[in-house]
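Heads up, there are several structures right after this.
Same chain, two partners: chain A is paired with chain B first, then with chain C.
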Partner chain A sequence: MGTGRRATALTLIGIVALWEIAGDLDLVASGALPSPSEILVAFWRDKADYWPHILATVRTAAIGFVIGNAVAILAAILFVRVPASERLARGINIAIFALPPIAIVPVLVIALPGEGARLALAALAVYFPTMTAMTVGLREIDPRVVDVVRAYGGGDGAVMRWVRLRSSLPALLGGLRVAAPNAVLGAILAEFGSGSRYGLGAYLLGSLGRADPARLWGIGLAATAIAGLGYALAALAAKRVTDASRAVTIASGAMPPAKGRGQQRIAIAVASFLLPFVVWWLLLWLGGLSPIIAKTPLGVFEYLFLPPTGASARERLLAALVETLPITVLGMAAGLAVAFLLAVLGAVRPGIVRALLPIALVTQTMPLVALTPLLVLIFGRGIAVTVAITVSVTFFPAYVTLAQGLAMVPRAAFDLVGAYGARGWTAMRLVALPASLPWLFAAARLAVPRALLGVMIAEWLATGRGLGNLLNQSRGYLDYGMIWSVALVSVLVSVALYQAAVMLERVATRR
Partner chain B sequence: MGGGGRAVVIEDVVKTFLVRGSPLTVLDHVSLACPPGSFIALIGPSGCGKSTLLRIALGLEHVDAGRVLIGDEAPDAVRRRGEIGIAFQDPALLPWRSVTANIALPLDVLGRRGTARDRIPGLIRLVGLAGFEEALPGELSGGMRQRVAIARSLVTDPDILLMDEPFGALDLILRRQMNVELQRIWLERRPTTILVTHGIDEAVFLADRVVVLGGRPGRIVGIVDVPFPHPRPTTMFRDPAFHALTDTVSALLAGEE
Partner chain C sequence: MKLSLSRRAFLGTAAAGLAAGAMPGYFRNALAATPFNFQASWINDAEFTGYFVAIDEGLYTAGGLDLNYMSGGPDVIPESTLISGTADLTLTTPDTTVKAIVDQGAPFKIIGTQYQKNPIGIVSLAKAPINSPADLVGKTLAVPPVNVISVEAMLKLNNIDKSAVNIVPYAYDPTPLIKGEIDASLDFTTNVPFTIEQAGEKATSFLLYDFGFTIYNDTVVVTEETLKSKRAELVAWLKASRKGWETNLADPAVWPPKFADTWFKGTGRTIENEVFFNTAQKPLIESPNGIFSMDEEGIAKNIEALDQIGIKATREMFDTTLLEEI
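On to the complex of A and B.
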């Protein structure tokens, strides 16, 4: 542990030193990578500008965090009390997990006035991790304690109140740890896409045109620091609570899951697919917005298929999709490949990976919108930057999943092939690779939405092609029908890719 | 609530579990009548279905045949009024609640407020945990946790008391002490009590009637009535008449009739 930490610290110092030299000598892309000292100087110079932006971002993130978590906690309680409701909400949950936030920012700006859109995006960003963590926490309880509550006449409500809520706390706090930086990233993305005046996202947007890489880096690092701080605070709270309340003994049996009948299951699946559309339609109806700017599902259909302009709209949409989809899949594959190599490397040579991991962590907490301009500075505006962005956002969650999978390969399996003289890479090929295959699909499932988000942001900001660009242009032209259509298509594509990964995973794990 | 227990009648109960798809009969036509205010000890080899029988008496486990009556009601109704006290084989404490709060759990679930809590300090003293009122279960030994569960089973001042090997994790001295305390509590309030135990002398010392179960599938192999009047002094453990009875129970347990 101690040596590992020292190695990490040494690597970090080494990297900062190299960075300083490279920056001072303008080695990377002729000055696109400013040195840490230049960034600090620029930050000091601009410090008066930063505060209102930082405050606005923290405010949006904090309010969104509270709203999103409140909804997530209530939803989790509902899902556990009424299991059918979880199956019913599956469509909504997957959509929320898979939607590329950038795709729905313009739609949210139309549908919600003022600050609402930004808060909604921050809230959406925290909903999923908290909801899943809380649901698991509420479910995994000690059946022996449930018996005690039932022995005194307690029903499901009493079990929820006296057992489930409190025992879900560690899981909930674990979820909040993921949710906290998510809220910051969501807030910045929303500020960026909504054209608000304040917030780091707005500041970034305003600084894009100026040839001032040091400032872009400063904003990016400030955003990273805030997101990291959110994570640290949540982690601290989690640690304080979990310490005192570990179960003393392990329960022998788990609660059996309830199952419905075949027909009922299909009905619920269909309803769960339709529900997101119903909610969409209902929200607009409740908001009382003009159908010209706020399109219902039917409105999108009309826009694309009824008027004479529909054909050209469909053509543009299809063209954009054809540009976006292959690069998403390509970028995702590249990200997974990097993750896979790193995970395998980590299993064979743990030291190297442990030293590299902190850097990977920083790039993960750096908001994508802040990272993109920096990568554009380095990679230019072509395909390369899109792939670079996609790889950088997909590889980390994939890596974590794969590394976990590899860690679960029993040592005995390695020892066995080792006994026959297989070492290092051969052992890897014989044992680790087959064992980690199912995990590769689990990793893909996590990577899908991030890949699409990465590609769309690159398109929006840099390359001027594909769905991201079409969305940005349509905002400029006030082409409301197209804005809604792009949002819908992006979410559908993301959900479809996600479901494909789920199916592949099922096939792979069934063997 | 109130003094004096009610009859617990278990009539011709059959219980089958599905174990990996195949049925396993755990209780095979078991009948047991506990008169109001009586003390029944249930003894039998491990795995013969004692805990299952207790859960059935509590109404937590459904039966394949037969029925359970408490007074003239189904156990569910009685349970909901909080008239049954139970100490499960496993203490099953909430890890985040202190000793005091764990003992108070039945009161919380039943929604009893006010003076109901006043008896908790006395119960803590009774089970010898004075000074540990605010300790968390993780900070207690196995035997101490079991004593918390015993106190918890008494906190509602129950009419029916079901105890599943409550003294299993205690040393012999403490076990004797707790036996005497349990007898005192039972004499004071006379709850109808079913005590599951592996201790033959404990069963004979406390009970009016010792019911011996045989295993696979569980059924009653013998009933031994204990004629000694209450309160019984601890000197009884050395009494030849006492030993004659424990020998009878051991013989039944060993299957010698």
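On to the complex of A and C.
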């Protein structure tokens, strides 16, 4: 433990020192990277400005975090108690997960008055990670404990209460670790567009035009500090719980087989696909919004397939897709590779990864728009910058899931290979990697749809091509049909990628 | 007249019936508006000083208006807030507004304009100056995606092939320009040169307006329905706002410092920047016929310029009668 701490401290100090030197000597991107001391000086200079913004963001993120997690936990319990409900809600779950936030912010701002849009985005951002983690946690239980409860006459309710809820805690806390930074990100992103006067997003917006990278980094780091605090609290709780309750055996990690006859299963699959469209329609109907701005599924169909707009709209959409899709696949693979390497490194050399974690967290909470000048100066405006942004958007949730998987490997398994002399990398290869396979696929499912978001952000901020640019331009031209079409197509593409990951998982775990 | 309903019109009408008739709209009705809602087009900066003066001096209240000022931002589409009913009046760029009228059948009317000349222009560094559209050939120009058609129109008007200019997205941060990653950017010429000078460089700029793209900016837009039902309020708004702007522009250095702890608090910008902005925008706002006025020549120029980018504006989209009532 002592050497691990020292490695953490040394690595952190080394990174900060290198950063300070690079920043002071303007070594990176001809000085667009400010040094830590410059950032601190700017922070001190602006300190009076920060408080109202920080308070507003924390408030939004916290309320959204509570709402989103409450819904997620209740949904997970429902899904485990009534498996059909999970299959029915599958379409909605994936759609919520895959919705690119940049596409829905303007719509949310129009549909929900005042604070509503900001809270909704923060809540949406936390729902999926918590719901997935909780569902896995409720399922991955020690069957012998269930046998005990059953032996004493306990029904499904008792199993839920005495076994599932308790043993889900480590997984839930793992989910909350992802959810906490997400809430902050969601809040900031929504502040960006909702016209609120206070909030770090609003502050960032006013500061963008000042060509003051130190200020932008200060705002980004303030966001990171808030997110990091949430992450640390969840991680601390997770550590206490997992240390005390680590399972002795390795759980199988298999999904419960779908029950029911073929026809019934197909009916549920179709219903699950249609449900998001019904909800979409219903929300617009309840919102009472004008059909000019709020396109229903029928409105989008009309826009894409009927004259006068159809032909031109399809052509523009296809051209954008052809630009966006190949690079999405590339970015996806790169993001997963980085996450996997980091997780394995974390298991073998925990000291070094503990030092890298704060930096990883910065990449999650630093609004990318603040980093655009730096990124384009380093990576240019081509494929490199797109892959870099996509990796930064995808790797973190994948990493957390993988690290969780590796941490869940029972000590006894390590002790066994340890007795034969296997340490470090060898022990990893023999025990941890095979045991974490289900987690690798869970990580892929989390990361895959985000790849499209990453590519779209890069297109919007840096390259000016593809779906991201089409979306942004359509917003400017008030081409509402195209805004909704791009949102729909990007969700469909993300869902397709997600399904591909699920299929791969089935094939791989069947072996 | 033959009675035929195209499928598109039919579906549209059916959807409108669904949305507006059958279900009155729970979210919207919850905030039935008694105040007069004004949606600005950007975050609080000098672009809106005249309105802040009018609010703080009680000019709207004196005119019988309970004004609710709403700041904007990059994701706030001003026209959308009119359609959704969140705002009664907003400030827009005429190209998007006219396009929405033509393409979407949006029921908008332009009743005035804050800028007689659009402040948007090409900004570059004085050490590598771009003084005219011809200088852009072979250069990298950062443009907010929204404005790409305007830039392409300006290039076309000056006989420059658009493929000769490398257009990349602009995210409102001048750092890439200062560092030389791009050669020029499209921005408010009233604003960003200040930042560039603060960073130790000299800026040079030209207006798209001066090279043929002759449109207004921050056009005052309302829906036809508001025009009918709230005409008196609109006239009161124009009157109070004109007074606010006249008061502000009498000496552009006076008012921004007074808003340091109110309107401009915590925006992340400096008061010196706002004074620079306020001073630079004065000649673009003032008009011999009074602030907000739209004369026939100006309207004709807008129609002509918009025609260059394939947007068919008509004289009927501009309603000058309210200005006459001030």
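Everything that follows uses one rule, which is that the second predicted complex is superposed on the first by the 342 of 511 C-alpha atoms of A that agree within 3 Å, B and C clash if a C-alpha of one lies under 4 Å from a C-alpha of the other, contacts with A are read in each partner's own complex, and residues count from 1 in each chain.
Note that a residue touches a chain if its C-beta (ideal position, glycine included) is under 8 Å from a C-beta of that chain, and two chains touch if they have at least 3 such contacts.
Worth saying up front: this structure is predicted, and the values here are computed from it rather than measured.
Enquirer: A:G154 contacts which: chain B (first), chain C (second), both, neither?
Expert: A:G154 contacts chain B only, not chain C.
Enquirer: I'd like to know which partner A:V502 touches here: chain B for first, chain C for second, both or neither.
Expert: A:V502: touches no partner chain.
Enquirer: With both structures placed on chain A, which of the two partners, chain B or chain C, ends up touching more residues of chain A?
Expert: The larger set of chain A residues in touch belongs to C.
Enquirer: By the touch definition at the top of the document, which applies to A:P373: first (chain B), second (chain C), both, or neither?
Expert: A:P373 sits against chain C, while chain B stays out of touch.
Enquirer: A:V136 contacts which: chain B (first), chain C (second), both, neither?
Expert: Neither chain B nor chain C is touched by A:V136.
Enquirer: Is A:A211 touching the first partner chain B, the second partner chain C, both, or neither of them?
Expert: Touch status of A:A211: second partner only.
Enquirer: Would you check which partner chain A:V163 touches, where first means chain B only, second means chain C only, and both and neither mean what they say?
Expert: first
Enquirer: First (chain B), second (chain C), both or neither: which does A:L437 touch?
Expert: So A:L437 meets neither chain B nor chain C here.
Enquirer: Residues of chain A that sit at the chain B interface in one complex and at the chain C interface in the other, please.
Expert: Dual-contact residues (chain A): none.
Enquirer: Which bits of chain C are touching chain A when the two form their complex?
Expert: 7-8, 11-12, 15-16, 18-20, 22-31, 39, 43-45, 70-77, 79-81, 83-84, 86, 96, 99-100, 103-106, 144-149, 167-169, 171-176, 178-181, 187, 191-192, 195-196, 198-199, 266-270, 273
Enquirer: Applying the document's contact rule, which stretches of chain A touch chain B when the two form their complex?
Expert: Counting only chain A, the residues touching chain B are 142, 144-145, 147-154, 158, 162-163, 166-167, 244-249.
Enquirer: Mind pulling up the chain A residues that touch chain C in the complex?
Expert: Those residues of chain A that touch chain C are 29-32, 46, 49, 52-53, 105-106, 109-113, 192-198, 202-211, 213, 215-216, 284-294, 296, 298-299, 302, 306-308, 369, 372-373, 376-377, 381, 460-464, 469, 472-473, 475-480.
Enquirer: With touch defined as at the start, can you tell me which chain B residues reach chain A in the complex?
Expert: Going through chain B, the ones touching chain A are 55, 58, 60, 79-82, 84, 86, 88, 90, 92-96, 105-106, 108-110, 136-138, 145, 152, 156.
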